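Okay, here's the structure, questions in a sec.
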Amino acid sequence: MSEIDDRLKALGLELPAPRPPAGAYTPVVIDGNIAYTSGTVAIENNEPASVGRLGAELTVEDGKQSARGACLRSLGTLAVAIGGLDRVERVLKVTGYVRAVPEFTDLPPVLDGASELLIQVFGEAGRSARTTVGVAALPRGASVELDMVVRLRGS
Amino acid sequence: MSEIDDRLKALGLELPAPRPPAGAYTPVVIDGNIAYTSGTVAIENNEPASVGRLGAELTVEDGKQSARGACLRSLGTLAVAIGGLDRVERVLKVTGYVRAVPEFTDLPPVLDGASELLIQVFGEAGRSARTTVGVAALPRGASVELDMVVRLRGS
Amino acid sequence: MSEIDDRLKALGLELPAPRPPAGAYTPVVIDGNIAYTSGTVAIENNEPASVGRLGAELTVEDGKQSARGACLRSLGTLAVAIGGLDRVERVLKVTGYVRAVPEFTDLPPVLDGASELLIQVFGEAGRSARTTVGVAALPRGASVELDMVVRLRGS
């Protein structure tokens, strides 16, 4: 069993199975030892797990769970694409898009739901550069979408 | 004649000539064999080809045409920068920004206007990772803006 | 004294000292000779230097100063992370997020506040690819946030 699988198990986490992309794109592109992931939202029972806007229907804690769910799903997709998360050498960049009303300002704690998961799973190699912005709309009304750029170990 | 030029001709497509950038930046930066394109919108007669918001003045089909136009213009600019699109090895990542009202949720089909063009032109090498978000505002009121990260063949 | 330090001095600019990140991420990740910076806003006295929305409370000139301040702070953080800005070979990409009302369209001049600073500091090596979008919300209500991808000289 792999080191990362052990850690996921200890955290009580299961990687969601990849889903088909929502359009004419691919969930992950691998270019040499860099993986680019597509924008991902948390999904439950084929629906976005969290729908709504921060600062209106949703609290920061709701958003944090949504970011964590999006990140976990992204890791599930990445794991299949690269043959297991032990190949992750470093998460280089996370860009997080939070569906929010214009008055909402408390964006970084929302994305910490994703970043804290990455650090739990990969240790300091999961501590990435990050950009967080509040957007008007997201696919299917989801509250958080994120993508990543990841350095892989040589294959 | 190049393979890609043949394909564009068969598709009845002509690459738009590059335009000067809208500010103190450059349309394409080439770093080794990676090209980064600047955010691009569809232009016709020196004006954005499609102005407005998805979910208000514009339909999904309007948005799709706007995304296709933005992508075609981006390819025209890229072609000149890299000396012809035959040098494209793989489109790694497309990030699409759709001007939308907060209630609009049907974002991925809009960006398919760009992704389907990339697949028509490059085959599976045009099937990229992709992130699609809905934003409040875009330059000159355009409905779709996109940028790309592209892997080039060794020169 | 370094060439870039000379230029900053001639411009009357001082690099702001790095601040701790606003969450579970790191301000800069260095991957080989590529640096990814985290989303950054202009800060003064521990508060965002410019709060509000373009097209409402703020003018284009306000936004331009905000973009310049965000860029300067990003350079201060980068300088410490890479051991001095003389290591910058080329700014590859800038992505700028402008907090704006839906009617606001004059986005590129806002980001020129950042791009013109980069060109003043690095010359043509500071002329990057760029994407500018208008977003609903930004951390702490800041008016402009930006991130960069930067090519470093071999160390």
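Chains: A, B and C, in written order; residue numbering restarts at 1 for each.
To be clear about the criterion, contacts are C-beta pairs under 8 Å (C-beta built on N, C-alpha and C of every residue); 3 or more make two chains touch, one makes a residue touch a chain.
All values reported here derive from a predicted model rather than from experimental measurement.
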Taking chains as nodes and touches as edges, what kind of graph is this: line, ring, star, complete or other? complete
What angle of turn lays chain A on top of chain C when you fit their CA atoms, given in steps of 5 degrees? 120
Taking each chain's mean CA coordinate, chain A and chain B are separated, in whole Å, by 25
Residues of chain C that touch two or more other chains sit at 101-102, 135-136
In the complex of these two chains, what residues of chain C are touching chain B? 54-55, 90, 92-94, 98, 100-109, 111-112, 115-116, 119, 127-136, 149, 151
Under the touch definition given earlier, write down the residues of chain B that touch chain C in their complex. 21-29, 31, 36-39, 53, 95, 97, 99, 101-102, 135-141, 145, 147
